[in-house]
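Encoded as structure tokens, the structure appears first; notes follow it.
First chain written, first letter: the chains are A, B, C and D, and each begins at residue 1.
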Amino acid sequence: MNLELALRMCEAAIKEAARSGAVVSVAVVDAGGHLLAFQRMDGAEIAGPALAPGKAYTAVAHRIATADLAPLVQPGGELYGLAAGGGFVCFGGGVPLWDEHGEGDRVIGGVGVSGGTIEQDVACAEAAVALWETS
Amino acid sequence: MNLELALRMCEAAIKEAARSGAVVSVAVVDAGGHLLAFQRMDGAEIAGPALAPGKAYTAVAHRIATADLAPLVQPGGELYGLAAGGGFVCFGGGVPLWDEHGEGDRVIGGVGVSGGTIEQDVACAEAAVALWETS
Amino acid sequence: MNLELALRMCEAAIKEAARSGAVVSVAVVDAGGHLLAFQRMDGAEIAGPALAPGKAYTAVAHRIATADLAPLVQPGGELYGLAAGGGFVCFGGGVPLWDEHGEGDRVIGGVGVSGGTIEQDVACAEAAVALWETS
Amino acid sequence: MNLELALRMCEAAIKEAARSGAVVSVAVVDAGGHLLAFQRMDGAEIAGPALAPGKAYTAVAHRIATADLAPLVQPGGELYGLAAGGGFVCFGGGVPLWDEHGEGDRVIGGVGVSGGTIEQDVACAEAAVALWETS
């Protein structure tokens, strides 16, 4: 992971947002969950700076897409309570980056997107991941 | 948005509260979610200074009435977990202010009311918004 | 203390600010340190919503003007460390309100002003206190 | 302020960092202190994601370069204690952006840089501001 790649991932996410009509914030974090790059599209809501890095961090911290984490943190779910603190954002839009272009077993970073619908956020994050996997 | 208008919005909310028998706190924030004016009615609970500005900030940050956010953050809702952190207050009483007297596509501030029932808080916030839209 | 009086205190502080050329935020809190009224002048900095209520709370919490607290919290001062947490804002601009128009021995509220120089903030807070003492 | 300009400001800061041999993080925030763009150079310390946005926010909130704030928050300074809370980062590297290309009287955003020496951080932030003033 490096800044040049992180910036291209932000661009890929924003390109997908423009395609779907969403206005989003995008965050890319490293293996420690710490921010590498962040971009907020013109007109995107101010919740983005809080939620996009939070989703990326959460995806790295738990090595799982936040969309997949969402059912686990519900009442009755096996991780119930996780969504209640610790900076974890447990709904769709955060995706971990696995090494070896997505084929490896080590998480080396994450992407988080916020500002559209959950479906749009997830699609934007996946566009960034797709760029990562092919780079 | 300016202080003179924010004060009149507080008055409109409080007038509605008096009409419905509620005793509330009212907060008006700017486009960055930062407090412009706050008024707590005599006898209103001390939760108001925490919740009214929080509702106003949340409405601005997510560009949605907090009453509309409430079902989304419930167990099973697509934003479950949002209510647990980040200073977001996700139940009724916060309303965003859209520019061009409510007709525009840019949020330039928000109102938050706390202290009555949810229905009363919402009605008070909407009274402030109505004043905003006609001013 | 009541809202009507708190609003007049805000006006008195803002009038003094206009006189001295300052652009400030004003907070009035009750005996519990909880916000009763807040007003940010047009163009005042966004630090005001954080600092003005903090000064008012600190003045009530310690029953002392924050300007008088400032030397005590310095290195070597007897309250060194107080400024480092707990939401206390320990420089000038916060003033406690003593009952019996300033003659009593019970603190029933406080005023906090932020946005000008320390001298301006203190003068604004004292203008609000003067109104309190004569009301 | 917009994303395209914020990205060019990040680039200007990073270019200056490369020139001086520093490895930094750069943050650009809007008038509400909320993040618009962030870039961490390859190899920059993980304190950057915390400090660079904090410096930018602080510069906006207090409308002053954080380098100018530093002496005021020292023991004996008139704002002693400000550095201890509220998310304010009170040493050099944060600079406010004044409208009308730096000639106006309204702060419409800020830049924060962290990772080098204070002198390097300040020079990087000023490189971003210079781009802002001439854009």
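In this text, a residue touches a chain if its C-beta (ideal position, glycine included) is under 8 Å from a C-beta of that chain, and two chains touch if they have at least 3 such contacts.
The model shown is predicted, which means the values in this text are computed figures rather than measured ones.
Engineer: Weigh B-D against A-D on C-beta contact pairs and write down the one with more.
Structural biologist: Contact tally favours A-D.
Engineer: Pick same or different for copies subunit A and subunit B, depending on whether their interface residues overlap by over half.
Structural biologist: At the contact between subunit A and subunit B, which are copies of one sequence, the residues are largely different (under half shared).
Engineer: Report the chain whose CA-based centre is farthest from the CA-based centre of subunit A.
Structural biologist: Of all chains, C has its centre farthest from that of subunit A.
Engineer: Whole-Å distance, subunit A centre to subunit C centre, using C-alpha means?
Structural biologist: 43
Engineer: Per the centroid of Cα atoms for each chain, what is the distance between subunit A and subunit B, given in Å?
Structural biologist: Chain centroid spacing, subunit A to subunit B, equals 29 Å.
Engineer: Quick one: report the Å distance separating subunit B from subunit D, using the average Cα coordinate of each chain.
Structural biologist: 32
Engineer: What's the distance between the Cα centroids of subunit A and subunit D, rounded to whole Å?
Structural biologist: Centre separation, subunit A to subunit D: 25 Å.
Engineer: So which stretches of subunit D touch two or more other chains?
Structural biologist: In subunit D, residues 30-34 touch at least two other chains, as defined above.
Engineer: Line, ring, star, complete or other: which one describes how these chains touch?
Structural biologist: It is other, because the touches fit no line, ring, star or complete pattern.
Engineer: Please name which positions on subunit B make contact with subunit C in the complex.
Structural biologist: Residue list for subunit B touching subunit C: 2-3, 7, 25, 30, 32, 34-42, 46, 48-49.
Engineer: Mind listing the subunit B positions that touch subunit D in their complex?
Structural biologist: Interface residues on subunit B, with respect to subunit D: 30-34.
Engineer: Note which residues of subunit B are touching subunit A in the complex, please.
Structural biologist: Its residues touching subunit A are 32-33, 60-63, 75-76, 78-82, 84-86, 88, 106-107.
Engineer: What does subunit A use to touch subunit B in their complex?
Structural biologist: 43, 45-47, 50-51, 54, 70, 73-75, 83-85, 87-92, 118
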